[in-house]
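Same chain, two partners: chain A is paired with chain B first, then with chain C.
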Partner chain A sequence: MVMIFGIPLQAFLGQLLIGLINGSFYALLSLGLAVIFGLLRVINFAHGAQYMLGAFVAMLLLQYFGINYWFALVLGPLIVGLFGALIERTMLSRLYKLDPLYGLLFTFGLALTIEGTFRYLYGAAGQPYSVPSQLAGGTNLGFMFLPIYRGWVVVVSLVACIGTWLLIEKTKLGSYLRAATENPVLVQAFGVNVPMLLTFTYGLGAALAAFAGVLAAPIYQVSPLMGSNIIIVVFAVVVVGGMGSIMGAILTGYMLGIAEGLTKVFYPEASNIVIFVIMAIVLLLRPAGLFGRDA
Partner chain B sequence: MRKTLLTSLAVLFASTGLASSIAFAQSASDGKVKIGILNDQSGVYADFGGKSSVEAAKMAVEDFGGKVLGAPIEIVDADHQNKPDIASNIARQWYDTEQVDAIMELTTSSVALAVQAIGKEKKKIDIVTGAATTDLTGKQCSPYGFHWAYDTHALAVGTGGALVKQGGDTWFFLTADYAFGYSLEQQTSDFVKANGGKVVGAVRHPLATTDFSSFLLQAQSSGAKVIGLANAGLDTSNAIKQAAEFGITAGGQNLAALLFTLAEVHGLGLEAAQGLTMTEGYYWNLDDQSRAFGKKFFERTKKMPNMVHAGTYSAVTQYLKAIEKAGTDDTDAVAKALHEMPVDDFFARGGTVAANGRMIHDMYLLQAKKPADSKEPWDYFNVLATIPGKEAYMDPAKSGCELVK
Partner chain C sequence: MTDLTQSTVKRHPERSTTASVTYAAFLIAGLAFLVVAPAFFYPIFLMKLLCFALFACAFNLLLGYTGLLSFGHATFFGGAAYFTAHAVKEWGFPPELGVLTGVVGAALLGLVMGYVAIRRQGIYFAMITLALSQMFFFFCLQAEFTQGEDGIQSVPRGHLFGFIDLNQSSNMYYFVLAVFLIGMVVIWRFINSPFGMILKSIRENEARATSLGYSVARYKLGAFVMSAALAGLAGGLKALVFQFATLTDVAWQMSGEVILMTLLGGIGTLIGPIFGAGLVVTLQNYLATSEFPVTIITGVVFMVCVLVFRRGIIGEFYASRLGRKLGFEHRR
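Moving on to the complex of A and B:
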């Protein structure tokens, strides 16, 4: 049997694939964070809560309205995105003039409030949500049994990541967005509604988080804690990738997912800290992150 | 920018620490019996025990009449966030400055061990209903420490035993990486080996892991007939859900959810949980007595109790009875009464307390019903067997506790 680092090749390939699947969630979530930070300079601590909200919206839509997974995949991000836009318009936008610390504290408080409310309403053990029947089951790849749903997650998150990147880097709307961050006053002078753009951006970031949440609902228990469990890791991903670098966030998400997956084979006890060790090393050697431009 | 980010993070972590230390500041007074319920109220074990245990304790006090020996009884509670250091600080503060007479519940073994050590040093009573490790009544036993609802030995004998009997003779463990997980893995392994089985491997995962696929894949490739889940709460639910996803159960490997209760089955849903075997010290739908408590508890909390909630009610009640019997709330006298008095209530039938503090009572081997067989909400289990207390719990003489002569 072919061995790699003392484990069979088959197991190794399996773990690589699992890392890629988890990396998909990291990539989607860190992408939203990077978009919000890059364009609004807000460190969005409510991102985990928005991810959790996405999963809960999917679950509640099914429970109360019988709306299935496929519609939830569209409606979930839409509802949470609108909620995000509302929050930005009514509250967050008032903090832009102040130190970024205020934005961070505000979103952190918001996250605690949302999570606390859901914990009060639904308890910590969470609620079940089934894999849609079209994606149930799995296929044997020879080296591992791949649940079809997990394969779907990888594909769809890649599409979402690339789509977002294209939207911001290659479209006219994206160029307005980027210009508005560089020099809001000048862009406004050209007749572009900058506050509206910022609201849209925050809504987009929240919608991306909710999208990841709906994707996660059938895999993980839909629980009020699911956001806070993942958010710190995602912050580490953004820091390693370079704050504000969108492509950096995507690539780092996948890379760290794989690094974590492999750690689970070689030294499982360290699997929840390996990402932070990498973060520390990267910060020491390249303070701006792997893909960040030195400011 | 980076500097502000780091400062912000520092502020953030400092502020969460601060909030938790303010939360339990309560006024103190003498001439009172004060019981502290210390458990996880916001993390992975919040449904396993959590705020509902606090309600159970309050119900016990109300049913007792609110007074013992003419002194009012008060319940205080706090969230230890599964961290032994936070728990120790709260326990010290409660015992030292707030005249708390006994601390109970104590979900999470690492926390229970830390608080019991403090109780031993300060000569204070603790009754553990939420934690599982047998070390509480073994090497780290206390003359003032009691272990009430269940322990890792009972789980190993119950759930482990049932699966070995069904022919599960090779095991692979997914183990939570702390005191409780080790203890549960160790005792289940011992039991499996003693019955001619073999343990082919184990992997340790951090507490509060969301994705188990990597570990499950290792378990799958081990070829073991049984995958022992030596973890609890949300961790176990996630592992079970993902095991189904990866075709592990369909592939013929059995899951042993070694610590799984009504609360987690409710969260997971019968669809995913059906067929699972588990061991509990209480099931609400067992008989009239247990149903009566279940219904009363449900009216207050909108959920049915598991063995931790029911056990906490039982422990509080027995503690109050012990004070009455001793005629004082002096620790030595109350501990002596607790050791002597039989426990007979809706929770424990003919229970006795051994010298090492272990309350020995019957346990129930349960199996989650098929969704179609569930007749009413929360009707989740078939009772497969009653495991007599003497079989379920370790012989106190072999526990390694210095108090057993």
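Moving on to the complex of A and C:
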């Protein structure tokens, strides 16, 4: 049997894959956080709840309307995105003039409300969501066994990340967004509807979170608590990456996911906290974060 | 120049006489209430309330007077509960030393967390404290001395100074009350000291405080440790009151709860968090028997407070017509 650092290669690659999967979710979620923060200056605490909502929407669509995974992958983000846009329009937009901390507290309250409601309605236990039949099963790569769905998640989230990056860096809409980040008043003076842009951005961020949620539904169980478990880790990812750059958020997400996976191989006891430890070290050495511009 | 300064100072007295009289009246009424309260309410409920009130006031020291939003105060509260419970149960410490162990432990945790977290400001500070406190949560989940999911059970209350039996609930109540009052005096003294004034100046304008030559980072760290130690005092007490220490007290929900108490009562007011804590604890007690989850109500109250009620109960009262007539002024 092939060994690597005294660990069977199979186990090593298996954990690496799990790390890559987790990393995909971290990347998608921290990307959404960074997009929202870039324009709105709000840390979206409800991001975890929106991720959970995505998974629940997929499950409920299947249960009540028989709508399958593929449509849920589109409808989930759409529904949650619209819900996010509604929240932004009616409530969050009133807080922009205040200290950014109020935005954090508001979205924290929102997260508690959403989570509490789903817990009340569906209980704390997780519910299964089966892998779509087209992606069921696995393939033997020769050196390891790869469940097809997991490979799909890695590829799709990478595509979504790059797509969002292209949207923001290379399109006209993206240039409006970036300009509004720098100077909203001036952009408004040029005739761009900045409040609408803000609503769109929050909706986009929420939709990204929901997209990750739908992707996650067949891997993890659909549970009201799945959001709050992941959001704190994603905060640490965002602190490490610094929210200055979109690409930074994506890269840090994958890096830390893999670091977490590898820790599971070598020192499983620390796998829960390794990301936080990395965060502390990065803060001590480079307070602005790896890709951060703002000190 | 000196004349000008002096006259300016005279024109802005620290507090009017009306306010002083009102403060004294409220203080006496509040104290009288707390002394006779055990005759009317369930003592455990009152003690829980006092512990959380002290916790919220300690938290407010940081948020209200330094402008730092910590999302990790459960670490100090719950950590101290563990330390106190362990010291009293396993090492056989008397209660006063047990609580002191909790305070010192919480202060040390505060020193470490503060040292890392003050490197970033504002929103980042909140996220970092949250992440570090989650790390502590996982530590407590796995460490041996916390006994994992079970927590430290049946912690003995012991005899205060060797002769006051704290197993009697009235003795325990007055012990908690005394510690609470000591904690409040410390907080009051702290925020009215030169140190506290500098903290307020950092809250108002950090760049200017730096340019005036104050080592902002050190002051922030000092405030953080102080707040952690006082939160630890509350946590240690709570461990003795309930005779257990569990993971609930170190979980992030607890950090959220203390923020809510402070926000609800009034950020940056000395007594606001006491009222906020009272309201939240009462609500929890009331809902404990019903099916309806507290989280939903907590969440909605959070949203409503942030949207339309940012001054909190006491802040609104100070800013109201009656409040101003009584001589209070609303700052911030």
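Throughout what follows, the second predicted complex is superposed on the first by the 287 of 295 C-alpha atoms of A that agree within 3 Å, B and C clash if a C-alpha of one lies under 4 Å from a C-alpha of the other, contacts with A are read in each partner's own complex, and residues count from 1 in each chain.
The criterion applied here is as follows: a residue touches a chain if its C-beta (ideal position, glycine included) is under 8 Å from a C-beta of that chain, and two chains touch if they have at least 3 such contacts.
As the structure is a prediction and not an experimental result, all values here were calculated from the model.
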Note = So, after the overlay on chain A, do chain B and chain C clash or fit? They clash
Request  = Go through the superposed model and pick first if A:236 touches only chain B, second if only chain C, both, or neither.
outcome  = second
Inquiry  = Contacts for A:126 in the overlay, against chain B (first) and chain C (second): which applies, first, second, both or neither?
reply    = first
Key: Which of chain B and chain C A:166 touches, first, second, both or neither   = neither
Task = Go through the superposed model and pick first if A:74 touches only chain B, second if only chain C, both, or neither.
result = neither
Query = Which partner does A:268 reach: the first (chain B), the second (chain C), both, or neither?
reply = first
Ask   = Of the two partner chains, chain B (first) and chain C (second), which one does A:220 touch, if any: first, second, both, or neither?
value = first
Key: Touched partner set for A:277, first chain B, second chain C, both or neither   = second
Message = Quick one: is A:155 in contact with chain B, with chain C, with both, or with neither? Answer first, second, both or neither.
response = neither
Remark   = Superposing both complexes on chain A puts chain C into chain B at one of 1-9, 55-63 or 145-153, namely 145-153
Request  = Report, in rising order, the residues of chain A that make contact with chain B in one complex and with chain C in the other.
outcome  = 43, 100-101, 104-105, 108, 119, 269, 272, 287
Inquiry  = Give the list of chain B residues in touch with chain A in this complex.
reply    = 1-2, 4-5, 7-8, 11-12, 42-48, 50, 177, 203-206, 208-211, 213-215, 217-218, 220-221, 233-234, 237-238, 241-242, 245-247, 251, 263-264, 266-269, 271-272, 303
Request  = Using the touch definition up top, name the residues of chain A that touch chain B in the complex.
outcome  = 8, 10-11, 14-15, 18-19, 21-22, 41, 43, 45, 99-101, 104-105, 108, 119, 123-128, 130-131, 138, 144-145, 147, 149-150, 219-221, 223, 225-226, 229-230, 243, 261, 264-265, 268-269, 271-272, 287, 295
Ask   = What residues of chain A sit close enough to touch chain C in their complex?
value = 37, 43, 91, 94-95, 98, 100-102, 104-106, 108-117, 119-120, 228, 232-233, 235-236, 238-239, 269, 272-273, 275-277, 279-280, 283-284, 287
Remark   = Per the touch rule above, chain C residues touching chain A in the complex are 69, 116-117, 119-120, 122-124, 126-128, 130-132, 134-135, 138-139, 141-142, 252, 256, 259, 263, 292-303, 305-307, 310
